[in-house]
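Have a look at these structures, which come just after this line.
Same chain, two partners: subunit A is paired with subunit B first, then with subunit C.
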Partner chain A sequence: MSFLTDNREGIQHLLMGNEAIARGALEAGVNVASGYPGTPSSEIIETLARVSGERNLYVEWSTNEKVALEVAAAASFAKLRSLCAMKQVGMNVASDFLLHLALCGTRGGMVVVTCDDPGALSSSNEGESRHFARMFEIPLLEPGDFQEAKNMAKWAFELSEEIRNVVIVRSVTRVSHASGNVKLGRLSQTQRHAEFKYDDDALETYEGPAESTPVGHKHTLQQEKIKKVAEIFEESPFNTYHGPEKPELLIITSSVCNLYTKEAINLLGVEERVGLLKLGTTWPLPPKLLKRYLSTTDKIMIVEEVLPFLEENIKILAAEQAKEIGAKTFYGKNDGSIPSVGELNPDLVVLALSKILSTGYMAMPSEYKKRFQDSSFVVVPDRGRTFCPGCPHRASFWSIHNALQMDNRKGFVCGDIGCYAMGRLSCGFNTTKTLHAMGSGTGLASGFGKLAKFGMDQPVLAVCGDSTFFHAVMPALVNAVHHNSNITLVVLDNSGTAMTGFQPHPGLTVNAMGEEAPAIDIAKVCEAMGAVVEIRDPFDLEGTRNTLNRLIEKEEGVKVFILRQGCALSPEKRHAKEYDMRIDEALCLGEDCGCNRLCTRIFQCPGLIWDREKNRAMIDEVLCVGCGVCSSICPAEAIKKEEVA
Partner chain B sequence: MGKTQLSKDPYNMVVTGVGGQGNVMASRVLSNMLIRNGYYVTVGETFGASQRGGSVMSHIRVSAQSVWSPQIPKGRADLIVSLEPVEAIRVLEIYGNQKVKTLTNTRPIYPVGVISGELDYPSIEEIKASVKNLSPTAWFIDATDQAIKLGNPVLGNIIMIGAMSGMGELPLYREDFKEVILDSLPEGNLNVNLKAFDIGASMLRKQDGAVFDVS
Partner chain C sequence: MVETATDRKLEGTVKTGDRNQFRGQKGLQDLVLDANLCTGCGACIGLCPYFRSYRGKTVALFPCTLMTGRCFDFCPKVEVDLDNLSEKFFGRSYDGNPLGSYQTVMISRADEKVGSAAFQAGGTVSAIIYFALKKGYLDGAVLTDRDGLLPIPRFVTNPEDVFTCVSSKYSAAPTLSALNQGIRDGFTQIGVVATPCQVLSTALMRSNPLDDKAFVDPTGLIIGLFCTWALDFRPFEKFVSDRVDIKNITKVDIPPPPSDMMEIYLRGGQKIEIPLEEIRPLVLEGCSYCADMTAEFSDISVGVLEGQPDMNTLIIRTERGRKIVNEAQKEGYLVISDMPAKNLEHLQSAAGNKKRRAVIKAKQEGILSAKILEKITRRSHVISD
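Take a look at the complex of A and B:
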């Protein structure tokens, strides 16, 4: 039985952190859920969307995170329970509204889930979202395992309703995308009626207009709420301690670092020497609880990922209480015991711990390590990331790259966020030269496109995906058109948010709940803005390159070139080969071809490999998806395609 | 049928391969089979960007006690299951030890650097020699080729899961496999999946001794 509908209390399921959060929300009786897809957060909304019918939810993939937060807040203002999920970068996008929301307060329980990505496993930054809680004076919870992810998500709604403000639950990749046993509770049976009451006085936060003003009054109320939260957190079961009464070293940690630290203590066998205080309520910190534990020893280590958030806040508390608890020695990020960059793992915690406790540890015996140096031992080739076989982006970048070469004025492409961020790698022929936030490619291009006055004569291009177009490119494009910036925007329209698993976006005819939805036509939007628009199939390599060269040569204004072709992994395309491919070995000239092995050395589709013995190209029947593109690359016409009957 | 006890607690398993091979699917099926036998199972995965053609790993930890870290400590794998041959070595170099067991699918997927000619891909004989050097119990099977015979290379992962069950190392039973597939796939696919599972199981059951090669 699916964990989403299973109502047997105490039954265990293997749940991904994100699924556990979704389940917790269902147990809390969430009514509305919104978000914008982003690894590692996407499965929360996806999971809730799956049961939107059965559980009578409204679930949407919003245009961007700020809109998502506003949609969720509206539900809260109407006294429903709502959840809004995003990855760490989304918090930056949503933060403008979040600041105002925190001041205004909420009505129905409202929870923001942010999933950080320490180590940037699937991000272009290592952003830290915990600071938003301190900056905006709202409560912060961090689950330390999968069971807690569910329990906390549920309790966060209750806390939000108790204090009438939004609550942040912060997860990380290794919680969100890891799985573990979770004991279920009961699904909520509460029905809520939506009504937005606004007739009371503006100073009354619950039934009056929802506003962040008058600021002085609201800010005072907000600070009273956060003081109350600190009291509530003193008693929270999410803060746990394991270890001796008077440990030699006290470790304070939160989130997945709890599991790493537990493991490290176990690996070193120092259970008798080390105490582990795991905090689940990390803003505001409960001062009395910390005072109690800080008093047990003089040596404190703080284990956390990204910025020293706990470390700094604990140090402030320790300084305030110095008279009673005495001077402490702190180990953590500031003294270099814990690395300041990248994600942690059990070994890094072991390393820090064994130094402080002067114990030895060897992950791998040297006798075993020596075997790697044996002369017969093979060198394992690096495995660079690349576009999937049959990916439309490979074809698109091929044409963009060739068009710029032909144009020969040192033109360049501003990149953006999605699978096509790999346009900067060899699989994208190193075509993109900038990479920042969602929509920044077009914004940067808009700026570059105005530099002719200062002598810049390079053609300026930008790329963006269809989902990114709606998320953040539109305002930048308006800016470029209005200021008559000379740029070409290539929209890589692959009909979905491929990177994160095909969530629908406003350009498609279906919404998150699978209902029919009016699609917004990117071409028409761009035309209405006043851009010149062309559309092509990127699998037509020659046509694409010619059109692009023509657009780049145009002197004035904004040109939009839409390259439309579905993602190779899209549900419609998976298992549907368009062409059977084969190499005509008589025609393939091998290394003598004179093309410098354009097919494999340059184009690099994983489906097309090189048979060294035969000195011929070869199709890998397992990997090739039969898109047919490589056949137009071979100058000797040795790559044959035949339509699948 | 007698139930297999864990030879170690937690029992640490790495399932590795190349993005797009179905690593996550394989680890999900395995973990769901294990949890049906009452164990705590913790799984750590790589998702998203790293899945596009890069090396991927799932860490699966099985315990009668509790959940563990979703990342296995270095040098602490008990079993490495590799859907692609060189990936086995890549993982052994980090998580291997004198006792580690390995199960390797012998079908290579060439990295882009190899396709372009900048890097070399070792021969399957060289790979086998290195794996055996690092892993005293090493199984090799041609799961993908068998799966192609069944009509779909993706079934290679199921053959690998069958093989793991045939190993007898872990409580991985055919009945549980059936239930898990029924839960997660439309009914129509059950038979071919069971067939793939049985092929894998019999490939390993046939073998005894320390180094097995049925590729």
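Take a look at the complex of A and C:
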């Protein structure tokens, strides 16, 4: 039975952290869920979308995180329960509304789930979203394992309703994407009726207009709420302690670092010497609870990822209570015991612990690590990051690169967020030269495109994907058109939010729940904005290159070039080969050709390989998806394509 | 001689014996493209997937790591052994004559059988190529067509198509890419109509520098065009489009001296004149090092004739050139007569001046080594400083 519909209390399922969060929301009776896809958060909305019919939910992939948060807030204002999920960068996008929402307060239980990515495994930064809780004065919960992920998600709705404000649940990659056993609770049977009441006094936050003003009044209310939260957190079962009554060292931690620390204590066998205070409620910190534990010893270590959020807040509490609890020695990020960049792991915690406790335990010696890598890499081929076989981005970047080379004026491309962020690597022929936030490529291009009066004569291009276009490119494009910035935006339209797993977006005819939806036509939008628009199939390399060169030549205004070709991994394309590819060995001249192995050295599709013995190019039948593009790059016309019957 | 313009760089940066490291794309990039010596002749275009020509400029799409290449060996802007080429095509070492090696200098124009097209001057080039294609002396011809102001290389097999390519183009054209195409397509008697740098490259190609055992000269006739410079297409196009609508241009001409104007003819019979002074800043940097006005390694070379706008100057250099010219005359495609002595004098002085300007420029920029400068100065009839 699916964990989504299993209503047997106490039954265990093996759940991914994100599934556990979704289950928790279902147990809380969530009505509306919204979000924007982004690793490692996407599975929360996807999971809820799967039972939208059965559980009578409304689930949507919103245009961007700010809109998603507004959609969820509307449900809360109508006294429904709502959840909004995003990755850490999404919090930045949503934060403008979040500030106002926190001041205004919520009605039905409302939870924001943010999934951070320490170490930037799937991100272009390792942003830290915990600070939003402190900055906006709202509660923050951090699950320390998978059971907690489920329990916390559920409880967060209750807390939200109790204090009438939004609650943040913060996960990280290793919680969201790892799996563990989770005992289920009962699914909610409550039916809620949606109604937005606004007739009460403006100062009333439950049945009056939903506003963040008058600020003085609302801010006072908000601070009363957060004080109440601190009291609630004093008794929270999500804060746990394991260890002796008077430990030599007290470790305070949260989130997945809880698991790393447990493992490190176990590895070193220092259970009798070390106490572990795991906090699940990390903003506001419960002061009495902390005072109690800080009093037990003089040495405190804080284990956390990214910024020293806990460390600094605990130090403030310790300073305030110094007279009673005495002076402490702190170990953490500030003194260098714990690395300030990247993910943690048990080994890094062992290293810090063994230094403080002088256990003499050697974490994995660097020598061993090197030997291990050396012996592994003998059999592992050297593989860089690359686009998939048949990926339209390879074809698009090939043509963009060649157009810019031929144009010969040192033109450049401002990159954006999606698989095509790899345009800066050799698989994208090192074509993109900037990479920042969603939509920033077009915004930067808009600025670069106005620098002609200062002597800049380089052609300025930007790329963006179809989903990114709707998310954050549109305002930047409006800006470029309105200011007559001389740029060419190439929309790499692969018909889906491909990098995160083909979530639908406003350009498609289906929504998150699988229902038919009106699609918004990117070309028409751009034309309406006043841009010159051309559309092509990027698999036509020379035609694409030609059109792009022509567009770049235009001296004024915004040109939009839409390259439309579905992602090679999209459900429609998968396992559907358009062409059978083969190398005509009589035509491939190998090293004697003079092409200097253009196909495998430069084009580098994983479906093309070089047979050293035959001194010929080969098609890797397993990897090739039969897109046919490589047949147009071979100067000897040795790569043959035949339509699959 | 200026085709050795990069010699100092080779001498200065490459130790003897290491030179092989650079005889490919990297060498061209360092010594020619990055040094701004390229005149976009098209010799390296179409030999491999890397070099492309776009709006008059030659660019490398991706880096090629091969140590040697035809791109390098055929490039007229890399060091050229002029003695070797002169020995090969004229049976004597290079002597620095302003007009190069030649048999005779005549004047000529198209005869009745050619009909009338919008020829530049006497239509000699069109007449000879038309005749040679028609009579089977050539199986194809490399010409230069035009799209707006942009010169477009064309490989022509139908004699009548010759007339779509008449008239001079004044900006750099990758004409030799059409020669590479013709060779790849298996033509063996190719006529080439080319500027001096292109003719020099063709001579390099014909000298089989890579010692290919199977090499057979694929050309049937090389017609060199007199050339004093070529314009950088992009700024030229901008210059003209700031003044007229390019779509309306029917012909561009620079009449022989004493005229000092570029004439642009427009649809509806209108004509605008632009002083050459205004055009000269748009000349390709690489042209200012060129000492060859009359395409010295051609079979025949053709240019305008001072004082007679309906006639051409015709330099006959080789036997195969002489043969086709004679046949064309005999069969009524070409009218030939003697060159007035005064014209010859002027021609020699103009060609000598180009040589002198080039050497002075090269000397100023320090591009020629002292050794080579001395060699040219000693041999040349015209260079005294």
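Observations on the model:
One rule holds for everything that comes next: the second predicted complex is superposed on the first by the 624 of 645 C-alpha atoms of A that agree within 3 Å, B and C clash if a C-alpha of one lies under 4 Å from a C-alpha of the other, contacts with A are read in each partner's own complex, and residues count from 1 in each chain.
Note that contacts are C-beta pairs under 8 Å (C-beta built on N, C-alpha and C of every residue); 3 or more make two chains touch, one makes a residue touch a chain.
Because the structure is predicted, anything quoted here is derived from the model rather than measured.
Contacts of A:602 after superposition: both subunit B and subunit C are touched. Residue by residue along subunit A, subunit B and subunit C are tallied for touches, and B comes out ahead.
Touch criterion met: A:14 reaches subunit B, while subunit C stays clear of it.
In the superposition on chain A, A:406 makes contact with subunit C only, while subunit B stays out of contact range. By the document's definition of touching, of the two partners only subunit B reaches A:146; subunit C does not. Once the two complexes are overlaid on the shared chain, A:435 sits clear of subunit B and of subunit C alike. By the document's definition of touching, neither partner reaches A:202: not subunit B, not subunit C.
By the touch criterion stated above, A:4 is placed in contact with neither subunit B nor subunit C. Once the two complexes are overlaid on the shared chain, A:74 sits clear of subunit B and of subunit C alike. Of the two partner chains, neither subunit B nor subunit C is touched by A:357.
Subunit A uses residues 601-602 to touch subunit B in one structure and subunit C in the other. Interface residues of subunit A facing subunit C in the complex, by the touch rule stated above, are 401-402, 405-408, 429, 549, 594-596, 598, 601-602, 633, 635. Chain contact summary for the complex, subunit C toward subunit A: residues 47-50, 52, 54, 57, 59-62, 64-66, 69-70. On subunit A, the positions that touch subunit B within their shared complex are 12-14, 39-40, 121-123, 145-147, 173-175, 177-181, 256, 259-260, 262-263, 267, 345-347, 350, 362-365, 367-368, 371-372, 374, 376-388, 419, 421-422, 426-427, 499-500, 597, 600-602, 604, 606, 608-610, 620-623.
Residue ranges on subunit B touching subunit A, taken from their complex, read 18-20, 28, 31-32, 35, 40-50, 52-55, 67-76, 86-87, 89-90, 93, 96-98, 107, 109-117, 119-122, 126-127, 129-130, 133-134, 144, 148, 153.
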